[in-house]
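Next up, some structures in structure tokens.
Heads up, the next two complexes both have chain A, just with different partners, chain B and then chain C.
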Partner chain A sequence: MEKFAKAFPSKPLPSKTAKPWALAGVVGSGNLEVLLERGGRPSGTMECHVETSIPGYKASWLAALADFAHHYPAGGTKVTINDQGAPPVLVNLRLRQAYDHLTKGDK
Partner chain B sequence: MNTAKSGLRRQNKAQRLAKVGKLARGKFVSSDKVPELLKRIIEPGDILCLEGDNQKQADFLANQLATLDKKDLHDIHLVMSCITLPAHIELFKKGMIRQVDFCYAGPQGTAVADLVKAKKFPVGAIHTYNELYARYYIDLTPRVALIAATQADRKGNLFLAANTEDTPAIVEPTAFSDGIVFAQVNEIVDRLPRIDIPADQVDFIVEAPYPMHLQALFTRDPAAITDVQVLMAMVALRGIYEKYEVQSLNHGVGFNTAAIELLLPTYGERLGLKGKICKYWMVNPLPTMIPAIESGWVESVFAVGGEVGMERYTAARSDVFFTGRDGSFHSNRAMGQLAGHYAIDMFIGASLQIDINGNSSTVSKNRITGFGGAPNMGCQPTGRRHPTKAWLKAGAEANPGPGSPPGRKLVVQMVETFQAGRVPTFVEQLDATDPGIRKALHGVAPVMIYGDDVTHIVTEEGIANLAACRSIAERQAAIRAVAGYTPVGLKRNKRETADLRARGIVQLPEDVGVRPSEASRSLLATQDIKGLVRWSKGLYDPPSQFVDW
Partner chain C sequence: MTSGPLFHEQTARQRIAALADTGSFAELLPPPERLTSPYLVQLGIPVSFDDGLVIGRAKIGGKKVYLAAQVGQFVGGAVGEIHGAKLTGLFKAAARDRVPCVLIIESGGVRLHEGSAGEIAIAETMRAIFECRAKKVPTIAVIATDIGAYGGMGILSTCCDFRVMTEHGRLGISGPIVIEKWMGKKAYDSSNRALVWKTSGGKTKYLLGDADALVHDGADAVRDAVAKLLGKSSPVSLKGVKERQKELEKRLKRFGDTADPDAVWKGMGVRNIEAASLASGPEFAALAKRGK
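Moving on to the complex of A and B:
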């Protein structure tokens, strides 16, 4: 088990989003859950909280989250990740899915 | 005065046949006499071809050969498509082989790596399929060929059923150079459904006590396709298939391309791509293509081999598949590889390792597999002259010089940035360049597909268009940009990546109009094998290991 938090610079989230929060994935073996919430945070950063069952990959997590914050305007959001050993390739997809749900809705 | 040799090979063959004497009745040999017959027809120094590829195997003859000893048989120059069976490895362990030339050693890859380390693997070269068949007509013509057929009739004609595969490419050069062709068959019958090899080209036949080994190699269970693979399939469909209007193609055997096949009737249909892409295929009868075929996407499929369980389905869809006069499926590996080389818009496949220059390989220090057919298709056929839309569009993008062909085949590598167990796919240097492996292969590193031939790499991060890169440095930056969080990917430079993205050389899923939130298994035409059976209207008979109902 490993737990860490960090905020990354990001352009502000669009002023209107489809939902106040969005969830992608589930906490299950080889999977992860990403919760994305808007509101009540500085608009220039994306605040991330990660809890993972597999320690030792903090550098990769931070790099992936920094890139995400760079590519997508996600300033002012809080990202909460509960990881149960998801393969690295799945992390970005779940982040993108949560962002897509938040900004454009479920369909 | 020098005189040309005349008739010596024929004389030598006659001598060998004379030695067989009463061991055979005409062409026919009983199975218990096979080891003795092999001793009499094979001589030291012979080039011996043992039929076996990644699907069908002359396994009875291989097993009988492996019962012999070095005193019976030695200094053999073995030529074969695939080193697949424990019996093949046995020949090396017994020291019977002076040299081997082959294409692929999938299931025995670890055993081959061990033989290399023990210096018991005197390899000439690892080939691609058509490269090896070509040498059968030049400097590796078999003196004796041990082959596999489904049925023989009383005259000695052979029927090869769905798995014709390598057989004609082995038999022709052997039979037309006074070599000896020895076939194992599953059964001898009065009347064949069709004749694939005429009796005239066959010297001996044995009815094997067990049917030839057939591997179900191309069956991919949709249940094992992941959301990430669905995302990559969507990205490939929009960013490559749709963009270039790919009409003719080959798919590899991985789950990534299986996901694409299963998206055609759903996602592809919604994008309005039916009739515009994926009409002509050079591919084995993949069960995951059933939904696309049933939905009317596919005009034709030519195959290098059969696939276990697809016999009734392919026979019932004779407008799509090539079939014999008897109505059953036909394949041909040499012709299929030729078609995949010259006549398709795109090859798309996966790999275990890709280096920063785009070279790929499936070889690791402990596992030497080789090539098979992928490099024949995953390369630029510079002898191609006919244009297609996709070929010209890809060519224009690559900005060919005045001394280059105007078009380009799309050669696409589709990989996840990590393999199972968090092993990175992207590496600075391929394991294939290991000095021990290179030494065994006379200085040649076994590269599957060269970076210069690759036009695109697709990962879960997006697409890198290597053909549009204008320098090696740019190509390396594009590869790092889609290499995710592997050590290779972590070295990317943000500004360089942003520049490549602005120029469309690197594209994220959103850049090609893909919504990641849609990337879900539920988008597949079916989620399991049972669904494939249903799509086939009960004509597909999945092998038992795939049946859990």
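Moving on to the complex of A and C:
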């Protein structure tokens, strides 16, 4: 297991979201779950906590998260990830799903 | 048949949303509470925020229910300490509040990484289910995916008043691979899907009277079947248990030595095996003469 945390600069989240938290994905082989929460955090950063069963890919994780924080206004959110070996493209997809659920509601 | 998504392809949370009246589901101990397994971490296995079980209050057709769904993709939907405690608490709350409890099962049974805690949780949940039944609070298990209900969860499902199944659902104690390991491939070939489903699948379980409804693989059909059962209960009595025991003894005597599952179907009144094999769940239910 490898565990790390980092905050990334991001534009503030819209002031209104559909819900206070959103979950995307599931902890299964080659998959991950992303919990996205809002509230009580500095509005200029996206705070990330990752726990993964595959050690040694911290640089890829940080790059994927930084990229998401750059492209989406997610400032003021907390991202917590439980990972079981998801590829980077899936990490990005789950982040986007969680973001959509948070801002627009589950559909 | 239906235009909606297939029930067995949906996630646990989607299944709950599909069964509950729109916007009525209020999750208990939701993911932000981070009630995760203390054991998996020690073994270097990733945890899940809901420990593989989503529980909460909801309404189905305007009626209050406690509703839960297991997440089969997370360690096979297996029951660990937290998962089990949520399960026990849910049925205890149902008994206390006299509100029906609906559980969408998708589990191989106890989580071996936290075996003792899981076993105890299953036993405690069974006790809570029987508390519900003593109070005539309906308990309904939905078994609708190929992960099915096995091991402790298989037993637990049969403790509930009713079981709603689809033809994708499977119900048993030992899973096919376990049976093959113990009895040999000649006795039971776990890679033979037709054999596996004909021995533990929804159609066979309905035919034998182990499942109370066999419905189409869609949320609407599952919801309708659950809604119909919400007002009913089947209290446990010594007489009832003895009768059930006799039925099972008869079944064992009749089919115990049979290696061919088709013989069981025939014995239970299915005339055209091929047509019955190809029939959808509800078609099968209409075709088959219900076994007693």
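Here is the rule we use: the second predicted complex is superposed on the first by the 107 of 107 C-alpha atoms of A that agree within 3 Å, B and C clash if a C-alpha of one lies under 4 Å from a C-alpha of the other, contacts with A are read in each partner's own complex, and residues count from 1 in each chain.
Just so we're on the same page, contacts are C-beta pairs under 8 Å (C-beta built on N, C-alpha and C of every residue); 3 or more make two chains touch, one makes a residue touch a chain.
Keep in mind that this is a model prediction, so the values were computed, not measured.
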Partner chain(s) touched by A:23 [first = chain B, second = chain C, both, neither]: second
Which of chain B and chain C A:50 touches, first, second, both or neither: neither
Contacts of A:1 with chain B and chain C, given as first, second, both or neither: second
Partner chain in contact with A:88 - chain B first, chain C second, else both or neither: first
Residues of chain A that lie at the interface with chain B and also at the interface with chain C: 106
Complex interface listing, chain A residues touching chain B: 24, 59-60, 63-64, 70-71, 87-90, 92-93, 96-97, 99-101, 104, 106
Residues of chain B touching chain A in the complex: 226-228, 231, 416-418, 420, 422, 459-461, 484-485, 490, 494, 508-509, 515-517, 519
Complex contacts: residues of chain A adjacent to chain C: 1, 20-21, 23, 26-28, 31, 33, 35, 37, 51-53, 80, 82-84, 106
Touching residues on chain C, where the partner in the complex is chain A: 11, 13, 17, 30-32, 34, 41, 44-49, 71, 73-74
